[in-house]
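Naming follows writing order (A, B, C and D), and every chain is counted from residue 1.
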């Protein structure tokens, strides 16, 4: 998938081991999202993720928003505990894992909520020609000033407080999809499903790349908790980025599985 | 050295080759198990299913070590709802791995799946689940009772043993008395790594089980010892990653093998091992099973 | 992470650092032990000495495996004549490793060396010597009795434990009851490799013990478990090959460590580990021993 | 010790593992010595040895006389069992181990009995200018026709049945020792001790290399059975070839240790 366009930053890491990093800064990005900067950073490819250990609490997957940052939405126990940390505290990191987005110029990026995190490096390295970004409200729009400097940005909010009123899919109608070499997508499951349907209708499913979220326990492709139907691919290892056409008849948007492996409707 | 291919009759099952997927590795969903079968496995063992749904231990659940993997998943499983996963596998060589806290729980879970699974494998060996797995599997009397509770349902019943005992043959013989159709050896070796930076054990559960190449010599030894003491077939497991390893396990006494950790890097390892293992001018497999005991 | 250097008081010994040579590795002659001390070891444990001279098992006695060594030396030793070897080591931190078939034999051997050795280490753990080592060391009552027989001579008495038991803490507690000054964990993990070409186990003794990197996670787990159950100091052993490994063992609960297999490729590993381990601005060692239990 | 003058033959071998080889031919060299040829051979340097397993019997160290041969004197159980094998039988091999002789032209070689085995490759590759060879009797002289084709040979026998009557040291008097770049020696312990004394008296100990025999169990430097006094060097790993001056004040010629580690006078 795409050759290496973006130089790898930072030190290569012993991916197998749990490495400790020290939090150097915590930035409040939006009311619910914070970026945690840490040291040392390490080389990665945009779209790759790390398994982050909050010592004594749990380990959770997080996309890298830079070589030395993760950008986290507070949703439950582990993210809650992460929000309790301070600069100077230690985290455990395994990774980076997964395949990442193809690195091509002429990319259309579509981000929903904290899904902007894995897309950020693509934008900042000038590969993204246009970015569609959506959030619940204007103040939940992530990285906006920074991203606007690097690419043309179209905005949608659920409450209409900024840009188009409604889901980010609404913006898709205005876009000449076939002019882009590829379309990279990350956001909530329902949003990605809607985007994929639109792209498929436009014949662009094969040129689109979606970054999926599934419950991850190992991150390295051994435990099976992140496998998707119907082909059993592992989101952690065969993904998290999959081409849109390979997801057309999948569980995407229909159901997912929880920590115990029970299915739950999306 | 190569062996001839053909149907493998072992522990009440007829398999298309000697290579099975080990329990708990890519075995949580039906589609994942189907993928492994499509990748050339002769049979697949599911994630261990218990009497209640379980979310498993807090993370980290898995960490790589030199030459192996350390895990403490904590037996996450959807319990009875796993029936849904098995639908896409109807008629396939699926062995349902079961765990429970006592013989009754083992039997209950088995009875749920008596119509869908081709055989059962009793997890009496997981080293990091308080009250389950090796907590029972280190006591020969409990091994016998749990085996008995399931084998009396009439389906092939395999018993998976832990190497974390003073004498694994006592547990093997107990399973045999309980009516086991086959022994599976081994589950992971109890182990721990500590993050010196975080000053705490790496795994959320602190203690876990070591798998992969590191434990292959331990697994060969266990299979060898069991072959000397028991009459039912043995399925070798632990650190297998090549056709040479399979031959070595068979010479130690294994009639078939299971592969876990090595599947991680290459799910189709079953096909590539089979390519190296089988040949029409190979020797019949029966002639090498246990031949190192001569 | 580094620690400060200084005299290490452990199990009745005062050592110049935390790094000892493990029993049976380059420990057959006095000059070899002296070489290891000159290479920076804080102390050396001898080859296990028994009540009678022994030639050991037929070869092969050692074979390399991925990430480790498999050995079945069979306790070769010159018995009482070993006194001659110790002459060049007078006054040096030499721990005499002893094996025997019963408490009396342990005591007899210990009494021969009561004037020359600084401490004793009881090999209740070798996994491949019928009637010796782990044959006794898997039975807590015998562990206690053998320990008692030697500790009553009044010299520091270390007891080396086998990981090949269901619960290593039972043996640790038995040694503690018998008056042990320290526990050493672990001896090798019972294992086997088979030559598929020769169709027989590689080792002359068939079964042997696995050492080296492969067993490090098992050793860390054993030290961790012992630290939770026993009060006497623990000396960690098994797969240590770097300063990071030493720190990890200490965090698990070890007050000092022994190094065996890693000495093979580089006898002066003691000096190089010490260089990485100690620093005047490091933390005091006492603050990290067992700190992973927090 | 010396740069690589002799090309390495055969396949490199996984030194750690026990590899099986098949006996292809057995040659009676002398009344007590046979050469066992096997397949496959492997790359080695002259003076290196292998650990040879006679299945079900024992494992013993043997110098390589070629990349695919060992040349064995029958002395006890294991060598006796080896003499019972036939072409087609399997042996186990670990190795090659040890350091070997320096590979320099202008070598004087001194062989006693089966000690000719490790020196043979040096001669056959043209590095040896002169070979002094000794044996008990004329018919125990090893490889003589072959060696005579490659170098000038002086012979001594204990019974005088060929060459000079008496030990090989007797030949040394006739030799202008200082004209050789190095002197390589292998033979019985007493013979090597006598040779070393003569060489030392001539100021040549520092230019001589002796291949030692000690009881070996592991061959890889871990068990300690082959260590020599007073410095604890391991014959299997730090040797088997040692420079003469480093052996001047050693146990050489005085005592050795048996399988149990007990000292016995040479």
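As a convention for this text, a residue touches a chain if its C-beta (ideal position, glycine included) is under 8 Å from a C-beta of that chain, and two chains touch if they have at least 3 such contacts.
All values reported here derive from a predicted model rather than from experimental measurement.
A.B. asks: Go ahead and note the Å separation of the Cα centroids belonging to subunit A and subunit D.
C.D. replies: Their C-alpha centroids are separated by 66 Å.
A.B. asks: Just curious, how far off is subunit C from subunit A if you go by their C-alpha centres, in Å?
C.D. replies: Their C-alpha centroids are separated by 50 Å.
A.B. asks: In whole angstrom, what separates the CA-based centres of subunit B and subunit C?
C.D. replies: 33
A.B. asks: Two-or-more-chain contact residues of subunit D, please, as numbers and ranges.
C.D. replies: Not one residue in subunit D touches at least two other chains.
A.B. asks: Counting only residues that touch at least two other chains, what does the list for subunit B look like?
C.D. replies: 65, 197, 200
A.B. asks: Is the chain-to-chain touch network here best called a line, a ring, a star, complete, or other?
C.D. replies: Per interface graph, the chains form a line.
A.B. asks: Give the pairs of chains that touch; include all such pairs.
C.D. replies: A-B, B-C, C-D
A.B. asks: Of all residues in subunit A, which touch subunit B in the complex?
C.D. replies: 15-20, 51, 53, 55-60, 90, 92, 94, 217-225, 227-234, 237, 257-263
A.B. asks: Which of the residues in subunit C end up touching subunit D in this complex?
C.D. replies: 24-36, 47, 53-56, 58-65, 69, 71, 73, 76-79, 81-82, 84-85, 88, 195, 197-198, 200, 202, 204, 260-261, 263-265
A.B. asks: Within their complex, state which residues of subunit C touch subunit B.
C.D. replies: 1, 65-68, 70, 138, 164-166, 189-194, 196-197, 199-201, 206-207, 210, 213-218, 220-221, 224, 244, 247-248, 251-252, 288, 291-292, 294
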